[in-house]
Structure formats: C-alpha cells, structure tokens
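Okay, so chain A shows up in both of these, paired with chain B first and chain C after.
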Partner chain A sequence: MLESPVARHGPGVARINVRTVAHEWTFERHGFIVVFALPATLLVAAVYLYPILYAFWVSLHQTQFLQLRQFAGSANYLRLVQDPTVWRATVNSVIYMMGSVIVTVPLGLGLALMLNRPLPLMGAIRGILIVPWVISQAVAALLWTWLLEPSMGPVNRLVEVMGHPKVFFLADPVLAMFTVIVVNIWLSYPFPMILFLAALKGVPPELYEAVQLDGAGRWATFRHIVFPFLRPTMLSTVILVSLLYLNMVALIYIMTGGGPLSATETLAVQAFKRSFMEFRIGLGATLGTLILVLNAVFGVGYIRLLRQQDETIY
Partner chain B sequence: MPPVGAGNVPVPRTTSGRRRKGRAGLGIVEIVVTYAVLGVFCLFALIPLLWTLSTSVKITGDVLRWPPTFVPSTLTFEHYVTVFTVKGLPRAFLNSVLVAALTIALTLFAACPMAYVTAHFEFRLRRALLFLILATAMVPSISVLLPLYLIAQRLGLIDTYAILVLIYAAAMAPQVVWVLRGFFLAISPDLAQAARIDGCSRFTAFWYVILPLARPGLGAASMLVFVFVWNDFLITVSMTSSESMRMIQVGLAKLISDVGISWSHYTAYTVAITLPPVVAFLALQRRFLQSLVSGALKG
Partner chain C sequence: MAGKMTRRQFIGRGAGAVVLGAAMRPRATGGATPVTITHLDFVTPNDGSPRGNALANNLKAFAEAHPDIKVEVQTIPSTEIPQQLLKSTAAGKPPDVTKVHLPDLSAQVDAGTVEALDPFVSGWDKNDWLIGWDSTTIGGKKWAIPWDYRPTVLLYRKKILSDRGVAVPTTWAEVLAGAVKIGSDNPIGFGIGLSQSQNADSLAELFSCGMISAGGVMFNPNGSTAINSEAGVMTFQWIAELFSKGGTSKAAVNHTYFTIADGLAANTIAMTLLGSQRVAAVAATAKDDAGFAPPPGWSASKPGQSNPLSQTLVVSKRSKHKEEAIRFIEFMTGPRAAVELARGGEVPPRKSSYNDPFFATPPAANVSRLKEILLQRGGHVSAYPPKYWDLKQAIAGAAQSMVLQKRTPKEVLDEAAKKYNVLIGA
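On to the complex of A and B.
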C-alpha cells in the first residue's frame, strides 16, 4: 500500500528493476526460482488450501461426532438455509459489523487527520492511541467483563454512586450486543487509524502549501486535496475492517459465549461453537465454508482496489 | 485578498478570519481542540489498562475500598509472585515464547525466499504465485480450523507444538511475504548481479548481499509474527487441550473459570502477559507500523 517502497519510488522503478534481470531460460535460473518459491507454496497449500477443500468435502457429508457418514450432497446447505439460528447469526454478524464499522472508520479517519497535523508530541500521542491494537482479544474481553461486572466492577460502582440501579451489561440481549460492539471499538479503532495515517503520508506537502497560498480554508483543503487522496484507502479500509469483524471469534466468545439467548452469536461464533463445543462437524464445516465465501466476495473487491492503485502489485 | 489560484481549487470567500495563524497554518482554537480531542481518546485507550495495572499492585483492602483509589496506598507484588508460582503462568509463558520463536523461524524460512524471487525475478508463474499469496492472506482462521483439527487428529498432532507452529506460520506467511517483498523491491537487483560477476552463486548473492540489506524488514516481520502468536486465543484453544500445552491467552481464560480467582491475581496475570507485546510495540513503533500497513491483509 502507500507506504510500501513500490509506492515511494513510483511503480516505474520497480518494473525496470525486474526487467534488468536476465530472462533466458536456464536450468540453473529456474531451479533457483523453484527452490525459493517452494517452501512458502507448500506450507500455504498444506495448511490453508487443502483444509479448505477438505472442509468443503466434510460439508457434503452427514456426520456423527467426528466421523463422516454417508455422502449427503447439498443436505447440510439446505439445512443451513432453513435453520432460523443461522439467520439470526447472520443478522447478528451484520449488526456487529455495521455497528463497529460506522464508529471505527470515521473515528480512525478523524484521529489520523488530527495526528497528521504538524504539532509537537504527535508521535507520542500516536503511540498511546495505538496501544489497544496490541492488546489481545482475550485480554480485552476479560478486562472489560471485569470493568463492567455487576457486583464489584468499577463501572457499576460508579453507576450506583450516581444513584442509578446496577446495570447488567452482559445479561440483557440488546445491551449485550451494544457492549460487545463498544469493546470491539475500543480494541480495533487503531487499525483504520493506522491505515489512514499511512495514506495521509502519501499526500505531498507541496499540495498543502499550494492550496494554502491560494487561501483555501481547512474544509476546502480537506475536500479537494486530502479526500481525493484518501478515497481509495477509505474503501479498502472499510473492506479490511469489515472482514476483521466478520471473522472475529475470541472477543465475543469469551465475553458472552454468544449469549444471552444467542443475542451476540455471530456467524463466526456459531461456526466455532458448532465445531468445537458441539462437535457437529457437518454443520461446522458448512458454516466455515459459508464464511469463507463471504470473505472471498469482499476479498475480490479488495484485491481489485489494490490493483487499481498499483498495477505492479502482482 | 489572496490571489486566485490556478486549477480547480475554489477559493473560499471568507479568509479574513484566518489571517493570524500560528504554527503550520493552524489557529490557536484548532490547536487546543486537537489536543483536547486526542487527550480524551488517549484516556479512553489507557484508563482500562492503567486501572488493571493499579489493581494488580494493590493490597486486597485497597481493591475493595470505596471510593476506589487510582494510586495504591501500598505497593505490593505478591499477586505477581502468586501467579508466577501457583497459577501455572511460567509453563504457559514458556509455551508461548517457544512456539512464537519456532513460528518466527519457520515463517521467515518460507516467506523470505518467496518474497525475494517474486520481487527480483520475472517468471511465468510469478503473478499466479502472488495472487495465491494475496488470496490465502484473506482466508479466515475460523474457516480452516475445523478441517485442520480433523486432519491433525488423524495425524496424531493434537496437543503438540508442531501443529501450532505449522498453523501459525502458514497463517502469517502470506502477510510476511508481502511485507518482505516491499523491502526487497527497494533493493536494486543490480547488487546481486554484481556479486554474481564477482563469483557468487545466486544463493550466496542472496544470502550475503541482499538479505543483510533487508534486515529491517526481517525485524518488522518477526515482530508481526510474535504479536500474532502471543495474542492468539482461537487457534491454540482449538488445537490443544492438555494443561502442559496451554498457552498464555488460554491460561488467562482458564484462570477466570477457576473457582475463587481474585481480581488481584487476574489483573497481575493480565499485566504480565500484556507487557511483552506493548513494550515491543512502543520500542519499535515506527517499523511496526510500516509493516502493519504493507501487510494489512488480515487482522
């Protein structure tokens, strides 16, 4: 992306570099390429590509505990479509993704714009603001469960002091989803912020100076200089952040286990529970495949965007 | 009035209010607002963590006191001693450090050569390989965990370091290829050519000439892998079950389900396992951010 050396040197440089390498087919040259490309290819093929196919194969079977029974064709997929809990989980996933994206992306953009101002201490503030991104989902989940805990948690003690009855944040279905989203925002807002900061660095400083000489105000500068620069990043950031939320398991699972009353059970959490708690592997594999397809749909859009920005990317 | 600029940048009519500008064209109000807003969000980011830190060094009486105190009246490290001695933290720590180190080694072993050939060589399958890497970077763990579990079970790999290292390395390899490829693209292939004229083989030219120049990239990539392995919960909870194989994040969750866990122990454990990635990040902030951006394919 914008900070990669390709972008810094302009795409032409990288291309010329590649061309200067000799092109003739020799056993020695191609042997070298094969040997160098092999380890990563094998690793990824064995641990990522083969399991995808295997999951698809499992999803076409009736299963019992961890055993495959007879071939069932599309039976699992039909069951999935007719299963109201799957639809519920889909709706939950959409609420979780939208509720988080709507806050984290504008927040990330706003903070990045402020951090980009040439003022003292911005490096230190940036460091502090990014810290939640280095915190694990498990730690964030338990930390906030503790802060919001009804009997001893500091937040509820504060609520009580203010003369309000205790709030059971994770016991009420609607409130639980809201709470999980808030915690997710706390944990993940640095991610879009980092992406926007990198994109802002790509705006040539001369451009700012030029428009400021022209007397453009802050809003005009943003609207006509910064925004056009950020537009491709905006879209790819929304895609990356949405995928992150779609696939998130640990945070939700540890905080609520998908409850109460399946109110926070997203598709990813449901796939995890079906697979590893209930060992209904047919359903688990089918859900996993469904999530993969959703990722692929977003992913194709993302890869297209990358190519539009930089044709040398692959 | 300022001169009308060329191009399609419209000149706003009211610029008189912006005459007195401080540093970098920012008005004093804007500067104050900037710091105020950023300050509020710094508090939002840090208070939960500082609260945890403060609770972990409080004596039990302080933890239950109302109104709560942010700064403990007496510092105590007994909770740290407890989690390090009786709560199984050392074993989990050791497991995580070991698995992270092995994963870094395997990931770099696989990703480095791939990044190099796809950056400096033109060959028929290059685009296909790069597409494969981008595509696998977008496969979520949750979609492959179940089949991996079934395969690992058949191979007898459940509850072993091997399966963890393999999965982590494969999960991180695509991103690491992407990060390292960026670093290799910034190095001229002429250097390797020159070394070969001087008698190096392709491999020795890579090993002695190119790779040392990409060292910052290797550091950044190792850092990404470390944080990923250290913070993972999902993969380790699916692939291990015995207590001796437990890694730190699962250890934390298990600590909670233990009966009678006190908040003091819990917060001490949290601080102990959160400190390494936070310190590493703050120390290597710039490089870490750079690699995070160029490898921003999977969260």
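On to the complex of A and C.
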C-alpha cells in the first residue's frame, strides 16, 4: 500500500494517472489483459452466472419435482410475498445474521489484536483458536447438539452443578435462535480473526514507534494507527460474514430443523426445505433469488462504503 | 538364412496371430465382462454394524451367484435418498437400484424416476410376501419390492422399568403411567420426538400407530387427511398429557428419530415407539437389557395395531441394466439373502425365507417374534400420498404448537389438516 502511487504522490496524482491510462487504452498495449482475464471470466460465468440465471429462469416456472412445467411469470414471487412464513424467515435471517455479525467481528478483532502481540506459546494458541474454522457446519451442529443435550450433555451438567435448573437450549423458540447464533459465532470467529491478523501484520512498525514517541496510549494508537489500517478489512469482513450467514443452511438445519415453531427457519433453510424436501423447486429457486437480492444489497452497500472510504482517504 | 523371418513374413504372421487372438477371446456377452450396476443405499457394507455386515455378506453371495453382474454401492443417509434419486435422474445418471422408504415411494412414482416392475416380475409368487403384494402397488402398477418389513414396536430398557416397578405396558394409559413414574429426566420415561427435521419420522410413526390403534385412518377416500378425527385428537391428547404430567422431557420438542434411538441405547430413555429395525441396533449396545413388545392399544381388550413400514428396492426408469437390476433385487429380497438380513436385524419380506433352519435357532428369535407382531398387529395406513412429507411436517408443527403454546389438540390438528388439504387441493 505504501508503494502505491497514492502513497508516493498523493491522491490527486493517482486520479489523473487513472484517467490518463483510461484514455490511452489500446488493444495492442492492453489486449493481453483481456486474453489473460478471459478464461477466468468464462469460468466464473459458467460456475456462478449460469446457475444464477438458470435459478431465476426456474423461479419463473411452475415445477413438478425437478422438472419445469409451464411458464408462470411472477406467480411464484407473488405467492411468496403473500406467504407470512417467508416474511418470518426474512426476519429470522436478519436476526441470525446481525446477531452473529455484531459479536463475530469484534471478537475476531480482539483475538487478532491479542495474537499480534508477542505471547508465549503463540503457535499453540493460534492453532487452538483456529480449530472451529476447520470444522464443518454439520460436525459443529452435531457436536453442539450433543453438548447442549439436556439429559446427557456436559453443558447442562455444568448448569446443574452450579445449582441452576436445566436449560432446554433448542426446545424453546427464543432460546433456540440465541443458541444457534452462539454456535455460529463459535464456528466462524476465526475467519475475521485471520483477516484482521493479516491486516495487522501490514501495519508498518515505524508507525507504532512514531506514535509511541508522541506519547500516545494504547487506545490512541488503536484509534489513529491501527483502526484506519483495518477499516478496509473490517468492511470487507463484515460483508463477507454477512453473506456467509445469510446463505447458511447446514448448521441451523441439523441443530433445529428450523424449529421449534419455525423460530430458527431462515430464508436459506426455507429455500433448502422447499427445494429438496418438499421438491417445490420453483418456489425454492424463487427464495434463492430473494436471497440473492439480499446478498446483492449487501454487496452494493459494501462497494459504496469502500468508494466513500476511498474519497475520505484520498 | 534358415530360421530368419523376412519383414513380410513377420508382418503376415503377426497379423495372423492378432486375428487368431481376437477370434479366441471370450465374448463379452458370454459373461467374462460383467455388467456393472449401481445401488444407492443408506447402509454401508462392512461398516461394523450388524446390518452393514449383513449387506456386505449378501453382496458377496450375490457376486458369487451372479459373476456376470458387478454391483457398485453408493451410500448416503436415508433421509437424503429421495432427493438424490430425483437429482441423479434429472442429471441423467440415476443409480440402477435404489432403496426407497415406503412412504417416499409415491412421490418417486409421481416424479417419474422409477420403472414399473410388472413386466419383470410377472412370474414371481405374489403370495409369498408377509404383507400383501399390493403394498407397493400404486395406480395398478408394481413399483417396488419390499426389502424388509418394519412393524412399530414398543422398545424399552428392562432394568429401568424393573427398578421403578413398571411392568411392560400393553395400553397407552399404562405407557403414560409408567413414563410419569420414571420421570422426565435421565432417564426420560418415554422418548418422543417432535422435531421437523429427519422427515419428522419419529412423531409420524407414533401418531399413525396411535391413530390406527384407535380405529382411525390417516386419509379419507378423496385423499384429504383425517388426522383431525377423534382418533387423531385422542393420540394428540395422549402426547399433551405425556408432556404435562412429566413423562417426557421438554427437550423432546427438538428430538428426532435418531436421537431417540441413541437415547434408548445410551440408557437415558426408558421406553419409546420405533420401527422394528431398531431392535437389533439398540440390542447391540444394551445387550440383554433391551426389550421390545407389541405396540400398545387404547384398551386392554383391543390390542394396539402396528404400522408396518418397509424399505423397498426400486429400479430407475433410466437404468440401462433393468434385467440385471431385477436379478439383484430378486436375490436381495429372496431366501438366500434372508438369513443375513435377519442377522442384521431386519424382518425378511418373503414367507418362504422362514423355512430356513436358521429361523428356528436362538439368534433368529427376535426376528421371528417381530414377524409374528407384524402378522398379528399389522394394521396399516393405506397408500402413502406423494405429499406425505408435508403432512408429517404439519403434524410435527401442530404437536410443537400444542406443547409450547398450550393449544388444544383439536385446534392444532384442525389447522394442520387444513394446511395439508389446501396444499393437495382437496
């Protein structure tokens, strides 16, 4: 970053350069970029774009099991808009996503700051902290279902030893949502932690030395040195984990099946159930499109925030 | 020079040798190159479980009896088989033979993934089956061959019952009283699962068993559901009392078929109603402490009726080896495979299988008893509709609502029945 034109010459110079380069684009000079980018672009189109377009096409049809029947236009969309369970699942998705993000990101940041300091047994601590990330959602769901099981789970045994009555973590509608969020936080905090740690390694040590010479305390160092460096990472992390949580199925489905009383049924879980349990693939694809729109809203928000940030910095 | 070949001679003799070799090579149709068929199953051969070992032994026996057919087994969880069959059919690469749970069969027929078997099985003995030949007939066509039968039975842990002075119950009232006496926590008196995951099978089996024991039916002649009938309400009332009187844990709201079976094996559940296939699985852990009995009735004078389910074998419509697939099915459901099947804890489907001397020996005692329960208490649900999964979900949702929101059985069952009937347009 420090080697970029912006760092060397300031933002004004960088902007002029970009515009100049844009005006001077010729195939002879830059055609190789197209040639090199084409295979990857085609691959991405095949892997991502085609399924998205096909899912949208399916959502416009009546379906029987996995087969397309007659064109239905917006009928599936209208049906879902009128379905109260879809609205409830949307609210559940937002609760699940927000509840997870507001803990996962600060937790990941805190742990990254801790790991960025010289500590004894750093390798072992780092290894232990990263373990949840290498566990699959399905395994984590089964593990926590057992841990929280009221009859034989160790968590409730601990609760009893502490003199409290048993807690039915997954049998109460409110508590079940809280529980799957906590398990999700446990499962996914290493992701922001790793991203933040990588970003922290990019902070030039001389900056720390400079602020220390100026007499800045820990908070001032974090606020004026560390945080500006972490901002781009923080924004992208928030968006990435938000999208991850919006699309999450296995963890919730295995732990609760979307219940009790549909309290943990998110849009992604509902899309899965409609597509592969009820075999109403048209409605499932419609829900998938709805999730895509939500993802896009967050994606666009991410890009706008980054642009605003660029303007603020430069 | 003598003994030396010219180039022309070498080429000529070489070509002759190639032609001779080709002519002498055994023909593929003669059986030297076996046809490979794929079999989609939820049992993993040789996984160390009784049924895994049984499948492995039967596959080996089939390979010896039919060297011209090679079987490749694909294993996935049982709850994923319906979607896998649909997806692989849509992708043009379905397995040749698939194990399909009886309640899921009609959906596969509706989806057009399976082949009607009538032309292939016209010579089979239709009276050689413990349950009528028509149990896997839909719309007048035969779609599947039962691989096993699994009557619902009351499974229990003998020591828990004897320690609490609870006799093995024969009526629903006795089950409730015994469960309340044992309590709701470690061990749980009666294991029940209201979760909608794993196809909501736990509650569906108990509910259908309770309903038919009360003389009810799951479906009306026009296809609409009758779960909100008097029999259904009576069964739900029993469930409500089981929770309110402390015969089960509140955690049961999130319990599934598998967690209940595991709880019984782990001695944290005293009694439950499950399919007979679980008898051997529980006994593998609990040994002699595992007991089973016929399903309870609503009164002492009216024995409870079991709702026998079945895993069936189907042939994919797009299979390129249907004849071989049928030969595989015939073997796996026939007398030769039955002994291994019984060793794995399953109830073999054909009457003639029980002529084998093995079934008169102690290791076959449980299976023979389960067969008798099947024959004596085999009241069963009529044909399962394609949207049965939705009905099971509605029943589980209704039970959760009744328990957590304290609503009446009639109220929640009316709501569930309406939801299902609207869905099917009845």
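Following the convention adopted for this analysis, the second predicted complex is superposed on the first by the 248 of 314 C-alpha atoms of A that agree within 3 Å, B and C clash if a C-alpha of one lies under 4 Å from a C-alpha of the other, contacts with A are read in each partner's own complex, and residues count from 1 in each chain.
Note that a residue touches a chain if its C-beta (ideal position, glycine included) is under 8 Å from a C-beta of that chain, and two chains touch if they have at least 3 such contacts.
Model, not experiment: these values are computed from the prediction.
In the superposition on chain A, A:233 makes contact with neither chain B nor chain C.
With both structures placed on the common chain, the touch criterion links A:168 to chain C but leaves chain B unconnected. In the superposed pair of complexes, A:100 makes contact with neither chain B nor chain C.
Once chain A of one complex is fitted onto chain A of the other, the partner contacts of A:257 are limited to chain C, with no touch recorded for chain B. By the touch criterion stated above, A:41 is placed in contact with chain B alone, chain C being left untouched. Touched residues of chain A were counted for both chain B and chain C, and B has more of them. By the touch criterion stated above, A:66 is placed in contact with chain B and with chain C alike. Within the superposed three-chain model, A:152 lies in touch with chain B and with chain C [touch as defined at top]. Shared-chain residue A:76: touches no atom of chain B or chain C. Of the two partner chains, both chain B and chain C are touched by A:276. The intersection of chain A residues touching chain B with those touching chain C, taken from the two complexes, comprises 66, 152, 254, 276.
Those residues of chain A that touch chain B in the complex are listed here as 1-6, 8-9, 14, 17-21, 23, 28-30, 32-33, 35-37, 39-44, 46-52, 54-55, 58, 66, 110-111, 114-115, 117-119, 123, 125-132, 134-139, 142-144, 146-147, 152, 154, 157, 161, 186, 188, 191, 194-195, 197-198, 210-220, 224-225, 240-241, 243-244, 246-247, 249-250, 254, 268, 271-272, 275-276, 281, 284-285, 288-289, 291-292, 295-296, 298-299, 302-303, 306, 313-314. Contacts from chain C toward chain A in the complex involve residues 82-83, 86-87, 89-90, 107, 110-111, 185-188, 194-199, 249-254, 256, 259, 263, 266, 268, 389-390, 396-397, 400-401, 404-405. Across the complex, chain C is touched by residues 64-67, 145, 149-152, 166, 168, 170-173, 176, 253-254, 256-262, 276-279 of chain A.
Residue ranges on chain B touching chain A, taken from their complex, read 1-5, 8-12, 14-15, 18, 23-26, 30-31, 34-35, 37-38, 41-42, 44-46, 48-49, 51-52, 64, 66-68, 106, 109-111, 113-114, 116-123, 125-127, 129-136, 138-151, 153, 166-167, 169-171, 173-174, 177, 182-183, 185-186, 188-190, 193, 202-203, 227, 230-234, 237-238, 249-250, 252-253, 256, 263, 266-267, 270, 273-274, 277-278, 281-282, 285, 289-290, 292-294, 296-299.
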